[in-house]
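A short worksheet on the structure shown next.
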Amino acid sequence: MTPQEIQTRLRGRFGEAVGPMADTRRDPFFTVGKGALLEVAAFLRDEPDLAMDALEDETALDWPQRNVLEVVLHLFSFTHRHGVTVKVEVDRAAPSLPTLTGVWRAAEWFEREVYDLFGVSFEGHPDLRRILLPDDWEGHPLRKDYREAGGWHGISNERENPLVELRRLDQKRRQENLP
Amino acid sequence: MTGQRHERTPGARANPRAVLLGTLAFGLGLPLLLFAAVLVLSPLSRPVMAAALVRWLGQALGTGWEPSAWSATGQQLLYGVSIALLAVVLVSFGAVVSGMTVWWEMRVSSRMQSRVGYNRVGAAGFFQWVADAVKLLFKEDLVPADADHALFRAAPYFVLVGFALVFVALPFGESLVAADLDVGVFYVVSVTALVVVGILLAGWSSNSKWALFGGMRSAAQVISYEIPAGIAILVPVMLAGTLSLQGIIRAQGPWPWQWFALATPAGPLAFLVFFVAQLAEGNRTPFDLPEAESELVAGYLSEYSSFRFALYFLVEFGNLWVMAALAVTLFLGGWQVPFAGPEAFAAARGTAVLPAAGWWGLQILSMGVFAVKTLLVVNLIVWVRWTLPRIRVDQMMTLCWKYLVPFAFAALAVTMVWQIVVSRAPAVGDATGLVLTAAALLLGAAFLRKTFRNVAAAHDRVDLTNW
Amino acid sequence: MSQAFREYAAPVVRTFTSIWDGLSITLSHLLRRPTTIQYPDRTPISVRDMLPPRYRGFLEVDAAICTGCQACERACPISVIAIAVEKDPAQGNQRVVTQFDIDLAKCMFCGLCVEPCPTGSIQHTREFEGSQRHVRNLVVRWADPLKPFPVYKVPKGADHHPRAPLGSLVRAKMEWQRWDAPAPEFLPPEPKVAAPAVPAAIPAAAATAPPAAASAAPSTSPTVKEEPKP
Amino acid sequence: MEKLILRKIEAGREEMILNFGPQHPSTHGVINLLVETDGEVLRRAIPDVGYLHRGLEKIGEQVGYPGFMPFTDRIDYVAAMFPNEGWATAVERLLGIEAPPRAQWLRAISCELCRIASHLVSVGTMAMDIGAFTPMLHGIREREKVNDLLEALCGARLTYNYHRIGGVAFDLPEGWRDECLRFLDHFDAFLSEFDRLISWNELYVRRLAGIAVVSREQAISFGLSGPNLRGSGVDFDLRRDMPYGSWALPDFTKAVRLEVPVGKGFVGKTGDCFDRYYVRCLEMKVSARLVREALASIPEGEIAAKVPRKVKPEPGEVMSRIESARGEMAFYVVSDGTDKAYRVRVRTGSFTGMGIVEELSRGLMLADLVALIASLDVVAPEIDR
């Protein structure tokens, strides 16, 4: 099935909870309401003609202007060899989403990563903690408004840039050299 | 910077010919010296011989020493000094053999892996083991803060003592043994068990989980494999009718069909069981579980450094010689020299207390035979290590209890029956030896053929350069 | 019974045959020539000459054909190259390059700077040995700030630009500098400027950023060179 | 870390907690596994990753499209050609351009060579983790030969940075084809020797057969991909089933014959460590043949398409999947119309591979854990990015 057909099928089942196909000239996607996500996911996996048995990827996008975080699911069916991209919008200030761990086990680590880098908390996740960054890291780096703290536990992440320093040195020397 | 660095290196390099000569002088000289010391000291450390030597020396120097006229203390002192000298020589021999085995093993393994290996210190990197030992001596002797200090420090000595004591009963030649114990085999098996005490102590006292794992594995492994090894040893013991290592060798002959490994139908099986069990007791691949690098980082050695680490290392590689020498003694005819039976030795010895020159020549021959055989077995062990993967803990146990122990018992039973058969029909014994020897030769030839085919299959050729 | 026996015996047989195979292969390697090349002093020719021509070693700039277009500087994703071009009034407003520095300590030898160069002035060489005691000395300076070099004017219709032998320039520089040469003393840091204020519209960022971030100067941050996005 | 241990383990039990890493010989990079053992038997192993996190996705938002190419090398530096290809195809799809055929061929050749190089490390380290050191160095020796070829092709041995948006950086050098064919002739002999040296060694087989079995359903649910997925008996290969780049060209697929080796319980159960291992051995053979066939049929022509000086795709997003040596490597790129990507997401095979370790580790022995990690062929930089 094409993504369009899948979207139509879902729309028939879940109505307005499933958004329209996005108007894009690249890879198509559609959004799903946060409340219906679990049911849609289970439906996508269990319905024989959809059979999305694999969660290929789960990640997020930060849209500060719209004040939303989009959680992006890339689903794939090994039975029918078709796939679809589903997005869920969550509030940027208090992002949370029911976990998909019960539907696809791969979601466990993907959701930990999304939590780590975007700060989306997944309700019901069995082991929701940071995965890539240290446990006491502050902030969620892939958010657009993230600023580096300049170091971690006294370990600086800055170093002198010799190119800049040399330029300053040159300027001084040239000024001295001028008559 | 590039240019300067390149200029420095050749300047520091010595004349290659001098390096080669120096390496050869040291590499051959040191073992030969030690062998000579063993050769001279082990017969002469007997009280009678020592006394005769002193008497002879006294005559030569004109001082007229007569030890039999000395007080009991003086005689004991003489014996003590000669024994102490021999002990020093034997321990040095163990250390030197261990070091040279490290070098040899590294060279052999590197070629098997298409590498060059040690090649910087001395010709062919020979002095690398000396350099490593010296480096280890200069390292800081660390004891973990939470370790059991006393046990941690004591553990290496258990290992070293267990290793060194074996040399008391280990023969080097016809009369070249520190003490030909009547219970030689039993003694060797007992003192080698001390090594596992040391390893277990090391594992426990380090207060490291990895070390503990290694120690426990080692204890389980060594104790289990004592059983098949012990039963397999019973086969030559039964055939020879003695527990003395020298006696077992004397019961065999110089030719392969007279060796216990090939003289009886159960011989190959017993030898195999013994060899595998020895690998396990020596913690050699495929039984290197106690220090399995990819699992336990360094096992019981994890927390050791400096000289203590060097001691473990010394024992691990020195053990190769012990393992091989035992295998040679029990199954491969020991020091038996072709065309020189016991009567030849007796004839050459003469009637004087101090033996004649011809006897010393025969001793050198027997020592040479023994050393060559032992080194071949050492090579076999090295070769196996660089070929095989490691087995798992449960498989190690399975192999021991389900395979080696029954096999060892089977070998024992067959040998019992065999002895009865041979006592009725001695010709069967000779025929079996010849058949088995022929089979072994055929297998060897087939193996070599396969090896050369492997070279050809890889579009390569035999090339022994680039050392 | 026979089934059980087969299960017991088969592994033994397989063990022997497979070990037989394995031993014969390792022995065959013992008889073959090792493939190791003993870098650096026991190679038949110098390692530099064994490398393929496309090898991406140290960058080299031939100032004689550098047009000062700064395409390489723009192409570098990690700002390893710093070029400054000025008009020299003394030479009739001729454009001169006063700074052409390449920080080899940071360079990742990707080759992206070589591709846009219109004259082939900047090239990777086969030089790769350049250890220095001080990391600051790994900045290779292709322009002398006191004697800036004039930019190269591409002759009309020229498709070939005469270039010094590849590698000779960078090798000369490397050999000229001792490996333990003293590092240049940099000027004391400028007083720190306040970091650009965090956009007030996003409260989450202010909460996540610790106070230290406010005072840290982002000007010398190694990888991030552009202004934050709105 | 303390907190984590306490949270994960109920009070009053006597299991030992081991820190298996981050500096451990067989974690293949800097990975920590919190191992809870009862003697030699594992209760579970909890992977703790992130030690090699370099924020490559964040960097991708800041360096621009062409400038991210050398960074992709660092995503998986054991098989750097694949992230190169993934990034190039993703941006090409975003731009709506296509690389010329010769470039596609060159990409396929370089990637298949790289797959051989990567699998050589994988099978070699597998042998090393099982305790056989020699096969590992034999694998590295052959990998060095592949690296020599790739170095002659693109100038680097590890971080190739060979592919470009719209094509590749260099054409084949003089005499390269013959060198490559000579290597492939030798390589076939090497593979059979390697099989006899270690793959079918009984001790080795027994260490891997029936260990850490991943069922078909489990593999799919956990998102395993590539050889790990095929080891579990799923006959799926992106090159064949969701063709991209050269694999979407009819001329190419006509010229080469892609066989997809699938695990079928070669010695134990389908989906055990040996299946995952041996699928890689077979894939090397297939890749070697693919390179040979691709070299024989390579068309003449341009090696790079016309790409605007400033790469500025229209707003939109693509999910571009390629079959990397470690499974599906997907670049999810979102463009907002500027010359820098709005979001770069790299989905890697090692990440999902590591995700299954905790599940599989229950009841294994300590030595099996080593085999499991090696059989999943995880590489720390690819997990952590």
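As written, the chains take the letters A, B, C and D, and residue 1 is the first residue of each chain.
In this text, a contact is a pair of C-beta atoms (placed from the backbone, for glycine too) under 8 Å apart; a residue touches a chain by one contact, two chains touch by 3 or more.
Keep in mind that this is a model prediction, so the values were computed, not measured.
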Those chains that touch subunit D and also touch subunit B are C
Per-chain CA centroid nearest to the all-protein CA mean
D
Counting in whole Å, what is the centre-to-centre distance of subunit C and subunit D, each centre being its mean C-alpha position?
25
Can you give the whole-Å distance between the Cα centres of subunit A and subunit C?
32
Need the CA-centroid distance for the pair subunit A / subunit B, whole Å please.
63
Two or more partner chains touched - positions in subunit B:
112-115, 386-388, 454, 458
Touching two or more other chains, which residues of subunit C qualify?
19, 21-22, 25-26, 29, 35
Two-or-more-chain contact residues of subunit D, please, as numbers and ranges.
134, 138, 141, 193, 197-198, 201, 203, 206
If I apply the definition of touch given earlier, which pairs of chains qualify?
A-C, A-D, B-C, B-D, C-D
Which stretch or stretches of subunit A touch subunit D in the complex?
24-27, 29, 53-57, 59, 61-62, 72, 74, 78, 81, 85, 104-106, 108-110, 113, 117, 129-135, 141-142
For subunit C, which residues count as touching subunit D in their complex?
11, 14-15, 18-19, 21-22, 25-26, 29, 35, 51-56, 75-78, 108-112, 115, 124, 223-224, 226
Using the touch definition from the top, list the residues of subunit D that touch subunit A in their complex.
3-4, 49-50, 53, 55, 57-58, 93-94, 96, 217-218, 220-223, 234, 236, 241-242, 314-319, 321, 328, 330, 332, 334, 342-343, 345, 347, 351-352, 354-356, 359, 384-385
Subunit A residues touching subunit C - in the complex, by the definition given at the top:
64, 92-93, 119, 138-140, 143-151, 158-170, 172-174, 177
Within their complex, state which residues of subunit C touch subunit A.
79-82, 84, 98-99, 101, 103, 105, 135-136, 139, 141, 145-146, 184, 186-187, 195, 198-199, 201-205, 208-210, 212-213, 216, 219-222, 228-229
